[in-house]
Every structure is written in C-alpha cells, then in structure tokens.
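Going by the order they are written in, the chains are A, B, C and D; count residues from 1 in each one.
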Amino acid sequence: MEEMKKACFGVRTDLALEERERFPGDGGEVAGVKLREWEKEKAGLRLTEVVITNEKGARSMGKPVGTYLTLEAPGLAKKDEDYHKEVVGELSAQLKLLFGRHGIGTKEGKAPSVLVVGLGNMEATPDSLGPRVLENLQMTRQLTFEYGEDFCAEHGYPVLSGITPGVMAQTGMETAEIIRGIVKETQPQAVLAVDALAARSVHRLGVTIQLSDTGIHPGSGVGNHRNSLTEETLGAPVFALGVPTVVGAAAIVHDTVGAMIEVLKREKATAGFGESIDNMQPEEQYELIRELLEPQFGPMYVTPHNIDEQVRMLSFLISEAIHGALFL
Amino acid sequence: MEEMKKACFGVRTDLALEERERFPGDGGEVAGVKLREWEKEKAGLRLTEVVITNEKGARSMGKPVGTYLTLEAPGLAKKDEDYHKEVVGELSAQLKLLFGRHGIGTKEGKAPSVLVVGLGNMEATPDSLGPRVLENLQMTRQLTFEYGEDFCAEHGYPVLSGITPGVMAQTGMETAEIIRGIVKETQPQAVLAVDALAARSVHRLGVTIQLSDTGIHPGSGVGNHRNSLTEETLGAPVFALGVPTVVGAAAIVHDTVGAMIEVLKREKATAGFGESIDNMQPEEQYELIRELLEPQFGPMYVTPHNIDEQVRMLSFLISEAIHGALFL
Amino acid sequence: MEEMKKACFGVRTDLALEERERFPGDGGEVAGVKLREWEKEKAGLRLTEVVITNEKGARSMGKPVGTYLTLEAPGLAKKDEDYHKEVVGELSAQLKLLFGRHGIGTKEGKAPSVLVVGLGNMEATPDSLGPRVLENLQMTRQLTFEYGEDFCAEHGYPVLSGITPGVMAQTGMETAEIIRGIVKETQPQAVLAVDALAARSVHRLGVTIQLSDTGIHPGSGVGNHRNSLTEETLGAPVFALGVPTVVGAAAIVHDTVGAMIEVLKREKATAGFGESIDNMQPEEQYELIRELLEPQFGPMYVTPHNIDEQVRMLSFLISEAIHGALFL
Amino acid sequence: MEEMKKACFGVRTDLALEERERFPGDGGEVAGVKLREWEKEKAGLRLTEVVITNEKGARSMGKPVGTYLTLEAPGLAKKDEDYHKEVVGELSAQLKLLFGRHGIGTKEGKAPSVLVVGLGNMEATPDSLGPRVLENLQMTRQLTFEYGEDFCAEHGYPVLSGITPGVMAQTGMETAEIIRGIVKETQPQAVLAVDALAARSVHRLGVTIQLSDTGIHPGSGVGNHRNSLTEETLGAPVFALGVPTVVGAAAIVHDTVGAMIEVLKREKATAGFGESIDNMQPEEQYELIRELLEPQFGPMYVTPHNIDEQVRMLSFLISEAIHGALFL
C-alpha cells in the first residue's frame, strides 16, 4: 500500500492471482502467463504460482514479468497456533526457494545479505503491516562491525538490515529515493519489501500472502517508473512480500453491484435490472460509481473491523517466516 | 464507535442529523422532533440542532429524547489554523451552553467536576479519536488531593478527570461496567464521552461534530440497555461528543446503488434498471447487499485514506474545545 | 512503580529480598520473618521466599504480612529462547501455587475469575511493563456475555479481565479509586497487579521477578492506606507481580559511596576516608546525597540503556506465564 | 544520544557549555575558544556562544571547530504557554541566524532545502526526542514533485524533508550510512540533526537547548570518524539541535561524591574525608565508580521521573522553532 491513494482509486488489485481471475475460463490459457496451483490439504493451504514469462503476458496482466506466488490460508482468520506454525513453515520454505532461485542464500561460508524494507504508515492501522514486521525482525548486520565480516556466516545468520522509510507526507521524499540511497551505501545482495496490499475481494483480506520477485510498482505499469522499487532502480534484486488489508471502496461497490445483478437476474420480478445494467460497459459502471463516491474527498478504503488484531498477528507470522528463510 | 462491530452492520448512522434527513420534505415536521438550523457564514460553519421532545419522536428517530447539536465544518479537511480556531471557539461555546443547561458550570466558588471518557481503540486508527483526545487533556482533579477541594475553583479550573477504558476484546469487560464503577467511586457531576462515530455519508467523515446530552447507546435503542452510558446506568448525566470517521461498507454500497438508480433512470438505455430495482424494498436491497458482502468475515468499514492525519488533527481540536468550555 | 515519584525519593526498594538483605548475618533470623532459598541449578534459576508471619516482622521489613517470592534469572539479560521458556514455566508454576493457596483455581466446573491490572505509564519506557503485559493478554470474560457463565470452565479458560488504568497525571484519579470501582462492578475473585518496581541494586534490574499476595502499597507502610491496592481497600485479594526496572538515583549514589568506602579503607593512602565517613549515620549520608541531587528538579531514576528491549521481552514472558498459570 | 551507550560510559557531556566549565576561572581564556554570554532577562533566557576557532581549542574542548550556541531556559520545567512562545521565538531566531551564516536561507526566489534527521529511539522515552520532533514537522519537498521546483519558493516554504533512521539494533546499519545514502540521492543544501543529549549535570536536563554547526560525533573525537554526521562524511553541512535528557549514572555519582567532599571538608568531624579522597585523581575516582557500577550490566543512565512529559513538550517546541526558522 506504498501508494494507498493510488491503490484506492481504480478497480485495482495488487494480487496477481486476482488479476489472473479476470480472464474467462478458469483453466484457460493466457499467452505469456503460466499458472500452477496446488493444495496442502492437510495443512489447509492453497498455493498458486503465476509466472509472467514475457511482455505479452505483462501487458495482459498489467504486471511486470516475473514470478508471483500466492499462499491462501483461510484459517488465518482464527486464532490457532498450530495452523499459524504451518503457515510460517510454508511461507518460510517458499521464500527460501524464491531467494535460492536468484542465488540468494548461504553458501561456502558466505552469508546472504538482505535489506528488509517495511513499507507503509505506522499511523494508519491497515497500512502498518510493513513497519510492524520490521519491529519484530532480528537485525544482524551490525554484528559484522564489531566481529568482522565472517561472523554471520559462521553462526548461520544472514547479514540482515532493515528500514522503515515512512510515507511521503512524513518524509517529503519518494520511498524509492530513500531506499536507493541506502542500497548504494550498504550494498545488500537483495531487498525484501514488505507491504500491505489492496485486493479486489474482501475474501482475500488478511488470509492471502503474495510473494514476488518483481519489486514494487506503485501505480502499476502506468508511466512513472522512477518511483518503483526494482532491480533497475535500486541496483539489487527486489523481492516483495505482501498481504491485502484493504479493498478500494469503489471496487467493493462495483463488485457488489455485479453480484446483485446475478441475483436479480435469477428473480423474475427484477430480471430487467440485470439486462439494463448489462448494457453498460464495466468501465462505465465503475466510472459512474467513482463519481458517485465523490472523489473530491479523496479515495476511501474498506477494511475489516478487527484489522488491528489481524495486522498484529500477521506481522509476527511474517517476521518469523523471514527469520526461518534466512537463519540456519 | 464504542461498538464498531454493531455500527458496521446495518445502514445505521450515529448522527441524528442524518437520521432526520431520512424523512421526506426537508423542512417537514416530524412529530416529537424539533429542528433548528443556522449558519455562521463568515466562519464557514453550519449548525443543526435536533431536539427529540418525546417518546414518539424517539421512536421515529430511533434515538433517545434529548438534544443533538451538529456542527458542520467542511473546511476542516484543509490545514487552515485560523479556521481550526473558529471551530474550537464555536465547539467550546456550544459545549459550555449544553453543560450550562444541565447546571454543569462554575458558580459560587464551586468548580464543575467532569469525567471525560475516551471511548474506542487506540490500535485502530479511525477508532482512536477518543483515546487520543484523552492524551491531550489536562487533568486537574489530582490537584485537589494535594491542595484541597477549593483549589480548582479558586484557579478557575474544573475538577477534571479522565479514563481510556479500552475495548471489550482488550478488557473482557463492558465499557459501561468500567465507567459505572469509576463514577460511583469518584462522583463526578457529569460524564463526557468522546467517541468516533459511524455516519451514512462519506461527506460527513471528519468534518462533522455531534454534541448530545443523551449518552451513548451501542446498538441504539435495540433491547440491551445494560451497556448504555446514560444517567440511568451511570448515575450522572452523560454528554457525548463524537465525529464520524467511518461509514459501514454495506451502507456505502447501498447508498451508491441508490444514487446509481437515479442516474440510470434518467438514461433511456438503462431506465429499466431503476424500475426493476425500485420493486425491491430498501430493507430487501440492504439485506441482499449484506449477504453479498459476506458477513462471515465480519463487518467492514469504509474510511478515508488519510484518516490518521484527520484523527490526529481532530483530537487536538476537540481537547482544546473541552479546555475552552471548562477552564475559565 | 505505580508511585515512581515516591519510589525514587528514598533508599527504598520494592523487593522484599533486598529489604531482607539489610539485616546482618546472611542466614540470621529476623523475628516474624521466614526465609527459604533454593536453586534450580540446571535451569539457572534461584528462588527466595520471604514470609512475613506477624506484625513484628512487618515492622522490621517495612512491608505487610504475607508471602514474597523472588525468582532470580540472571540469564534473562541474554536472548536465549530456551532459557526464557524455563523462566515462563517456573513463574507460571509459582503463580499457580500462590493462587491455589488462596483458593483461586479451576475446580468443579468453576473457572477462576481474575482481573489483571497493568500499573504504570505506557509513555515512560521503564514504567511501561504493566501496560505492555496487558497488551499481550488474552481476555476471556467477554465470552461469558455471549456464551454464558459456564463457557470458560468448560473450555479450561479462566474468566480473565484486565485494565490499564494509567497514572494520576493522565487520569486525575488515584489508581485505587479506579480499580475499586471496577472490582465492585465486576466482582473478580482476585486481582493481579503487574508493575515495574524500584530496586536498590542495579544487579537486579530486569532479571528478578517478585510475586506476592500482599497487594500494592505505594509509599510502603507510611500512613496513607487509602491508595493501597489490597483486599481491605478493593474487596478482593490482591496479588502482585513485578520486575525492577529502575533504581532511585539517590540510592545508586548512596550504594556506590558505600562500596567506595570499602575500597578506600583497604588502601593505606585513603584509609582516613572510610573512618571519617563512617562517623556519619547512613541516614545522614543519604540525606546529604539527596540534598546534593537537588530535589527541586524532582526525583531522578537510573535505568539500563537497553531498557526498551528488556521491558518488551519481559512483557511477553510475563503474559505467557499468566496464561500458563490460569489456562488449562 | 545516537550513541546512548557510549554517552553513558564516561563522565562525558554533549554540551560544549559544560565542557567549557571544566576550565578554571569562569571568565578565563582558553586558547582557541571564544566565549560570549548574554541574558534576555525579561524573557528569562540565557544564551552562551562557545566558538572553537582552531585545532588547539578543539583539542582542549574535545569537540570539533565550530559554533555551539546554548539556550538556557529554566522556566521550561513549568507549564507556561507564554514562556514557551518566548523560547520558540528565540530558538527560531538563533537557528535562522546560524543557517544564514552558512548561506542557507530564502533568497531570490530560491527556497532553502533542508533534510531534518530525527536521531534516537522512539521506544526509549529519553531518547525519543528526535523521532518525536519529526512527527510534528510539516514536510514540503513532496510538493515540488507535483507542482514543480518553484512552488515552495513562491509560497515562502522551505524544501523540507525528513527521516527517522532508527537505531543500529533496529536497522543493522550505522545512522551515517543511511543518511549519507539519502543525502546523495536527494541533495539537500543542509542537514539538521535533532537528538537527545547526555549532560553532566541534572540541572541542565530538559531546560537547555544546544545548537551547533559542527555535526554529530558519536564518541566525540575518539578515533572512528566514519560514523560521524558531518559535511565531510555526508557531503552537506550538518547542523545539530539537541536537548540533554539523561546524565550518565557514573557521572552523577562522581559529581555527587565531589559535592559531598566539599560539604564534608567544612565539617570538622569529617574533614579527613575530603583530604584523603583528594589524594585520588579525578580519573582514578571515576574509574573506581565505574567499576563499582559494574559495567557488565552495561551503562546506566539517570533521567527525571517525568521525562515523558518533558520530551513531549520539547518535541512540540522544537518543531515549531524549526518551522519558524524556515517558513516565511
């Protein structure tokens, strides 16, 4: 939610999974996009990997070439410590795999050096996921100042550093400026950006975790690349780990209207509704909704009533998974 | 938002102003309800007083007998210190008037004793208004321990005390239990409950302040009175000061659909929409929307993207107004 | 540290253990005071139980009749998860024993009902232990509203409630007033007050946990009992769990001077020092030090540089121990 | 207090004023050090300017060449709004003067660009001054992204940006690394570092503000310059604004012992004390005290009991003074 403002305008989603669902035919092929799904039934987890293999796929999906892994864990809504451990274990394993594929990992007495960036705003509960994960992480890079370069490798630690840059209203700076400066100075092998995301569906809020190796793209693909957090702009590969915590208010209205149409069509008395509204293009419908939600007040977002507890729990879970992926 | 959960379900509003607007004919009469509106044009403020005079009015409005004063200050959305001072001044004066009408005020060397209650949840940004106001208040009751009963009166101070009780998930107790106990022990003349509210319209968020002398009624009028904060349950008159910071997600969908109907009716191609949906009762429509928003995930709320800044500013403004109303 | 101000003036300690050490002859007898010490060598823990059996003992110790158990865990200074688990286990067991001795515990389908009070000030790091423990506790009493009285007993839960009352400058009320009111309304079987303590020795900071069944006595024994949290003032037995996080600045100077004297006496060149200062009574010495520290600025306290990390860790540890003692 | 740990060891002070006082003869000359003192009696303020003009002075003072301005405002300990305004006005004027002397200021339609750095640790109350000042600042640099380079100059705004880097345990990075990176990316004309300081005397805590144009030197002068925040290491002039909030525990013991000696010498019965301890060198005395305070527990600091209120008030005051110095 680095750019919550942008995320809230638009029927946008930060989840590649939801983007993929827009295409007709559930199992259908989209050129340049590979889909793989599997379940860990016993654990109650479902994984989906969307790989965008070329520019054609990138254009269709409105997201850059790369791998997007989604872990759906519906049980996260409940307080079940054993289940949380399952999720930590799986997330940790997937994160390790993704790092490994890019050559980030412990080998030959060399510790992987990673800068974790906690994107978002500590002061706005649904946007505080990134900063809260950072609070729970155990940094280690400072140990190399005192005990030398090899200390971390010898102990099976990564060389871990981290920063909570804050949002533009608090800093007067683009997050990309801050992180670029820090990356140049401290030369980590990789950046891991943790962020709260915007989803399309309230079903995904708090129970879906997305991992990707494509960085962070505020305003997704539209024009301005200067503010992206990518290997191109930062000089180190950028991994992203996010959980949706909000749905744009316009999106929720749009979707609910869509669902209403389906219901109304089935009923004889209201069948006319579906037909007449179907004459409008989705874009027109959405534009109408946005106008009605009066953007002069700025974008609005929808979030669960217990978002504070959810974000707190998720921040522990994610920090443990990061530890699990990087510490031996 | 003491009971944000309840507030989010239902097309409910905490604003008497919005409740009154449901009735046809803007200037029309509602039995048992008196309406008075005036503007402070120069200051850019609009005041509305809704007085519910009897049980008939209470039933129509779904709110208890009493006075509800609303101060609309659209300019609050902007950072303008002079305007903020105007609002503080007006709110302070209205609060003083309301207190005065109930005999709460400085007289004959006697300082008014008021317990301010900061309702809500510090951890959930839109619900943190009450706790944040408390952080900014200057308590004085403790001075009487050291310097005697008359100290406050002599200095033109009120005997001010305050508490942030937390929400039920944090305390395991009803707020009413906590406050009732404290009122019995400390015997204030009045309780002033500060709370974030739920509105119907996003236009009201952050720019409307409601004052009332009727206490706090979670779940408004429906059955359970044990958890209300009222003179009846607490043993001291209860004033409420609130600002809407959220709209229930179901409410926003419902209203936007209503607005869509109006637009679609006007267009020939989609006129059928309005007609068919008009066949549904508002309650049916709303029920449908709620089902579609899937309450198994619990209620959702809609809030502005910059709610953290708004709540911060409002908490300063309200604490200054309380100081202004009670300190000489 | 409910009354940090008072704690900081005076060579006072909140630890019965340290009070006991003032008496000459380590194993010596003090009338009305029973001492029992044992070690859990494997676990690296040392336990000391001081039982004050009568008023004579109470006068000698300056603390009320009752049991004071101290758990010394020097390893807490290090980050060692296994050791932390040992401490949680032992603390949990001791807390359960102490509760049991007062008839607080699960029996015959009846769940124990406990109100936990987080004393102290969230805004002052060394005094934030109580509020932080409360943040980590899982309340259950609210479940009885929805699912009935027996729900907790059936699930092996206690009926747990909790409050963070804040300090007098924030509330204008004595903590005792607030808690007395809440106890009367909610009728718990017992109150457990969690608080940061003042010690005499910096060696104890962050590594000593004291449990007692005698309540909380700000200003210990001197006159004013109105503000104590005891069975007498609250109407329910009051257990206290505390960890020292500060040493009064005057105390630390006093002790260091004492230690200096010992060192100087041993050296020939400075032997005169010890003799001359030994002519002063300890009370005179202390009074002199307090004057020199210039109380017009108010009391000062001494605290470790990493107190934020210590308090954070301790608050997790204590909340887990409370869970362990009360949940089946 | 960027390096609170180092500050707490040693009889160190961050105040040039206190360093200067070490030299005998109040008005006496120290080679390479110029002293100027004046009072604003009506306002109740005292200003002291220490200018270290050459390397000789730097060696004597243990601080780099440059200007150190100290504003002593004893009345800050009380809540007096008018006095606070006086202090804001004076601090603002002095800050403007200091900036002006280095060519930082509005001129010819060019707005000064300043990066404010909030040093310290939000989680440790006495060390949270820097982060709290940042919370209260109004950033403007982001306006230039949307409205162009000239926008700020046209409106009389500075181009203000800011960052709260956190402490090494939280980030794994040296503060200097983080700031150097950000300065290189964003090219401010100047850096203003706001920090809590360590003083020698408890009299200075919370009532003394030091301004300097020499940057921040953790561990002052001793070896390691890599971690300094100076023009040399950052590439932009570094101004520092600090308020002492702690005294090292060893320092307070040392000073109190010194004061005790003076008192004891005057009394006949204890005159031997002064003589014998006078045989020890101050360094020996101090070393002894440090050993006795048992550094295996790490450094300890002394801070006032109401430090949370002091830091809160000071953070508002300083942010207003920065606004006053930079906004027209």
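Just so we're on the same page, a contact is a pair of C-beta atoms (placed from the backbone, for glycine too) under 8 Å apart; a residue touches a chain by one contact, two chains touch by 3 or more.
Just so you know, these numbers come straight off a predicted model, no measurement behind them.
Asker: Rounded to the nearest whole Å, what is the centre-to-centre distance of subunit A and subunit D, using the mean of the C-alpha atoms as each centre?
Answerer: Chain centroid spacing, subunit A to subunit D, equals 41 Å.
Asker: So how far apart, in whole Å, are subunit A and subunit B when each is placed at the average of its C-alpha atoms?
Answerer: 36
Asker: Provide the C-alpha centroid distance between subunit B and subunit D, rounded to the nearest whole angstrom.
Answerer: Going by mean C-alpha positions, subunit B sits 44 Å from subunit D.
Asker: Quick one: which residues in subunit D touch 2 or more of the other chains?
Answerer: Only 169 qualify.
Asker: Among line, ring, star, complete and other, which best matches the way these chains touch?
Answerer: ring
Asker: Could you list each pair of chains that touch one another?
Answerer: Per the contact definition above, the touching pairs are A-B, A-D, B-C, C-D.
Asker: Could you list, by residue number, the parts of subunit D that touch subunit C in their complex?
Answerer: 4-5, 8, 77, 121, 123-125, 169, 202-203, 205, 247, 249, 252-253, 256-257, 259-260, 263-264, 269-273, 275-277, 279-280, 288-289, 292-294, 297-309, 312
Asker: Over in the complex, which subunit C residues touch subunit B? Could you list them?
Answerer: Going by the criterion above, the answer is residues 134-135, 139-142, 145, 159-166, 168-174, 177-178, 180-186.
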